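Just below sit the structures, each encoded as structure tokens.
Shared between the two complexes below is chain A, which has chain B as its partner in the first and chain C in the second.
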Partner chain A sequence: MEPALIFDLILLLTLISLAWLLLASTDLFRAVVLFIAFGLLLALAWVRLGAPDVALAEAAIGAGISGALLLIGLGQLGSSERDRCPVRPLTFLQHLSAPVLIGVIIPSVTVILLLELRQLQVVTSGQQGLVQNLLSISGSDHPVTAVLLNFRAWDTLLEKGVLLLALITIWSLDQARPRFENTDIPPLLSGFGQLLLPLLILFAGVLLWQGGYVPGGAFQAGALLTAAMLLATLSGYALPSRWTGVALRLVLVAGFLVFLAVAAITLLLRGEPLHYPQRLAGGLILLIEIVATLSVAAILSAALAGGHPVTNLPPAATPTTKIEDKS
Partner chain B sequence: MTGLYIGLALILLLTIAVGLVRVLRGPTATDRMLAAQLFGTTAVAILLLLGQAGNSTAIWDVALIFALLAAVAAVTFVRRRNIDTDSHQEGNRGHH
Partner chain C sequence: MTELFLHQQWLIWLTLLPLGAAVAAFLAPQQARWIGLATALLLPVCALAGILSVTLTHADPITAGGWPTPLGIELRRDGLALVMLAVTALVGFIISCYALGYFPVHDRHYDKVRYFWPLWLFLWGSCNALFVSGDLFNLYVTLELVTLSSVALIALEGGKQALAAALRYLFIGLLGSLSYLLGVGLLYGSYATVDIALLGEMISATRLNHAAMALMVAGLVLKSALFPLHFWLPQAHTMAPAPVSAALSALVVKAAYVILLRLWFEVFPALDTFAVGHLLGLLGSIAIVWGSLMALRQERLKLLIAYSTVAQIGYLYLVFPLAQPETMAAAWTGGVLLMMTHACGKSAMFMVAGTIHHTAGSDRLSRLAGAGGPVGVLAVVFTLAATTIIGLPPSGGFFAKWIFINAALVTGQWWYLPIILSGTLLAAAYIARVLGWAFLDVKRSSYPVIPWVMKWPPLVLSVIALLFGLIAYEPIQIALIGAPVHGSIMVEMTP
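Coming up: the complex of A and B.
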């Protein structure tokens, strides 16, 4: 057998067993670490499938940010919940729901999907030819960016909306608490932050800009900025409270609103939403991507903070309050 | 040459598969986390080899993202564990 084939087979087997192990794990910390490993291998799988764009997104969001998000989330659970999944007695309906789900709903959905699949026409060539033909008028030299920001820009617009909705949900559930002790920052950490922060910000800019002609883009760049923000938070930095009001909310919604404004203006002037004039397409895509990068970074960072900002609390007093809460 | 790069990547992938034992068995959280960190480093090496084999610079970017972000997860873990140990001690004192 060829080494490439063996590589793919082992990657596939490891991915499937990892997925099973992490779902079956009762130790939540172990499940989180397995999830990080799963994200790494999934990015490798996307590379092997010849989809570097997806691999970039998976590497930045899947393995990087979700790992940190889950670790922080795990730290917020009570100590009993943290080590083991809680086992509660089930109610009658909960007992009933599993057999109904497994016995009725999943088989019927599978049958419907299979029937639908038989109706689909098999297009072996995909849409590559079509996209390549229209690439010159799309305003981007990279086919994936052309599809995401022009031909199917509607999907990307809604994606930004979903991200915003997720954050609104998080904000409605809890307030942001200080996740980490602000005192006693190890010197190793502050030195490490000084080294890594400029690199993260620089590479975010590179990814954003190169999205115009090679794999890259707003989501990946935003994820890297989020990592920079997280590193700063871990090194004791906190967003000044005068910025957590209107300013923060403006940055959060800007990505979605600018995109929506472009959709509205194109709808009014050209009769079709997101139908850019060919001359302005490149500039519009760049504008949407730059604002989206900032918004994605702000939304993901706010999600890592885990709740809506507390404006009336002086930041210096927070560590003391936290210790009192625990005892 | 391409065969050599893929072959080396295959060996590295096998070390990840074997390393999963440490994540599964632990015993401490640090063992599991450090194994995941090692996977991150190995994945960077695999991606560089695959990029060289496929002559694709986009794969190097994926490797660069891994190299930058793996450290952030480690820092999150270390900062979080400190607080965890404190709260554990507090909890134990409460129980006694």
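Coming up: the complex of A and C.
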């Protein structure tokens, strides 16, 4: 047996058992930790599949940011809620639905797929040839960046919208709670932060820039910046309240807005959205990527804060115009 | 001059404008109402200009980014896209007007209200992006946008129940999307393209493709709430604020169905869809009867309307068994017609329910007593909108059912006849129950003052729903532009 195959088998088995353990875990904290481990190993699986871009995103966002979000969410639940999953009497159909879903549907779908996938005449190259041929006029030297920001930029524009929408959703639900009430930060943490912060920011810049020719790009760089922001928050930094108004909102929307503006201008001038002029393509992609990095970082950091900033303005106190039906 | 105005790019502005407006409304919450209103005024104009440009000129199809398929993403401007964009523009405009009254400037829940406009404009833009997309992966992205904005809008009402309904909707939406995406992945693995038109030419009846079809259809059926996967719909549509309920029933459920129509008639015609078609027809039939019976049992108006949506979705799924070779065009057109007219009628009904809830503090049917008096316009709106739900002539619902019955008889599937008839009778019964309360001779001590934007705009929708049968010729002609079906809509019976 080849060593690579053995490695793959071990990786697969570990992934499946981790997934099972985290689903079966009744302790939520343990489940989250297992989830983070699962994400990191999944990133490794992507590397084995020859998709380093996906691996980077999986490690940074799937394991890192999602893990942090889950841990923070867990911290905000009261300890009583955390220790036990809420138990509610289930109806007969609800009792039935979980075993049916887990016991019948998922295995049958898996078996069918496993049987059928053997017939798949995999077009291994996909659209590789096509992408390589047009790479020179795409404005990027890295095929993944060329696909994401030029050939299928319409998808990426909408994905940026998903990210912004997720944040607006979080903000619409609640206001951010002050999390770190104790002011004494361990000296080790603040010293560590001073050392690590500049490095993280530098490395984010490198990731962003190298997206032009090797794996990297706005999402991965933005995730690193978020890690820097998280570290700063843990060391006691908080965004001054004068920045949490329009200024913060501008940074949050900038990535999507610039992309949208490029789409609007190209639609107006060339009749097709995101149809870049060939000689401007490189510059436009760089512009979109830089602004997107900042916005991704801002959005993920704001998501970690868990709600909209505390507004000092009292809500309008005038009586409602509703006239109640007194009958 | 004509080149300037008659250009297909109007159809793309229908996506870019609301998305940009959503960002603007998020940046300037104080002006959000006016940004929303301005967008709502602009979009019907864009839709009209786009439709005129497609019907009057013969421009080349466009892609996003200007790259030809399979590299780029094709943007559709066929009949299905056009009529859905038009209906969305019309219903969206009325919903926006209504929301101006529903979310007043000075509200106790200002914090919640300020997020309505960005979220609603996001939903509107994403629906439009979905309707023009001709690419399976791009459809997935737009579907995610639609789902996420719907979830946020449902949760906007606040409270435990609304949050629970929103969360359940999110899980259902993710499950449906993932199932769909898995199917897209299988197709891409085999054919190295996700373009609908290219896939339609290449696809062959292999077992792998059938697995892909099963996964994608299952995901979309879950998202469009076909019986028995409708269990999430009544709660989600009832817990949301009224303008949101209207948008969910009129547009969001249809979004998944539009993708299903595209798949069925454009991607998978080469596959053996006999059994799946009849299964969908069977589930649709059960949905009609079950949804109507449940609607008849409800004590709350919004729940009644939500279950009526479950029943109406059942009719939409009759399209698949009825689309036999000779009745292909008939079934397809009937489905599209029903989508359009149901969107108008159902959103008007939800707005009326919202107004009653807003003013009476509850939407229990008993609170309707005497509503037919001085606030009778509500009862009128409801009655007119209900004609299309029941399927009375000359509403669009009547014509859609007529086409279905014709197709059922021509193809010898007579058993759909009693299903459609019983659905009609049950619908008449539950509507009559509502009207019975509304026109009860009860003198009220006081009558609520309702802002005019909450009274009159829904009337426009219900009048359109009522008269849709009379003006159906033009919309059907537009819908048939570049349609994947050919042939006559009403087929002669051959003994």
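As a convention for this text, the second predicted complex is superposed on the first by the 276 of 327 C-alpha atoms of A that agree within 3 Å, B and C clash if a C-alpha of one lies under 4 Å from a C-alpha of the other, contacts with A are read in each partner's own complex, and residues count from 1 in each chain.
Convention: a residue touches a chain if its C-beta (ideal position, glycine included) is under 8 Å from a C-beta of that chain, and two chains touch if they have at least 3 such contacts.
Given the structure is predicted, the values throughout are model-derived calculations rather than measurements.
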item	value
Partner chain in contact with A:26 - chain B first, chain C second, else both or neither	neither
Partner chain(s) touched by A:275 [first = chain B, second = chain C, both, neither]	second
Which of chain B and chain C A:130 touches, first, second, both or neither	second
First (chain B), second (chain C), both or neither touched by A:154	second
Which of chain B and chain C A:59 touches, first, second, both or neither	first
First, second, both or neither for A:267, with chain B first and chain C second	second
Touching both chain C and chain B, counted on chain A across the two superposed complexes	326-327
Partner chain A, residues of chain B touching it in the complex	3, 6-7, 9-10, 13-14, 16-17, 20, 23-24, 26, 29, 32-33, 35-36, 39-40, 43, 46-47, 50, 56-59, 61-62, 64-66, 68-73, 75-80, 82-84, 87-88, 90-91
Contact set on chain A toward chain C in their complex	109, 112-113, 116-117, 119-123, 125-127, 130-131, 134, 150-155, 158-159, 161-162, 164-166, 168-169, 171-173, 175, 246, 249-250, 253, 256-257, 260, 263-264, 267-268, 270-276, 308, 315-316, 318-327
In the complex with chain A, residue positions of chain C that touch it	7-9, 12-13, 16, 19-20, 23, 26-27, 62-67, 70-73, 75, 104-108, 110-112, 115, 118-119, 122, 125-126, 129, 137-138, 141-142, 144-145, 148-149, 151-152, 155-156, 163, 182, 186, 188-193, 206-208, 211, 215, 358-361, 367, 444-449, 451
In the complex, chain A residues that touch chain B	3-4, 6-7, 10-11, 14, 18, 21, 29-30, 33-34, 36-37, 40-41, 43-44, 47-48, 52-53, 55-56, 59-60, 63-65, 67-68, 71-72, 74-75, 79, 82, 179-181, 189, 192, 196, 199-200, 203, 207, 214-216, 220, 224, 227, 230-231, 234, 326-327
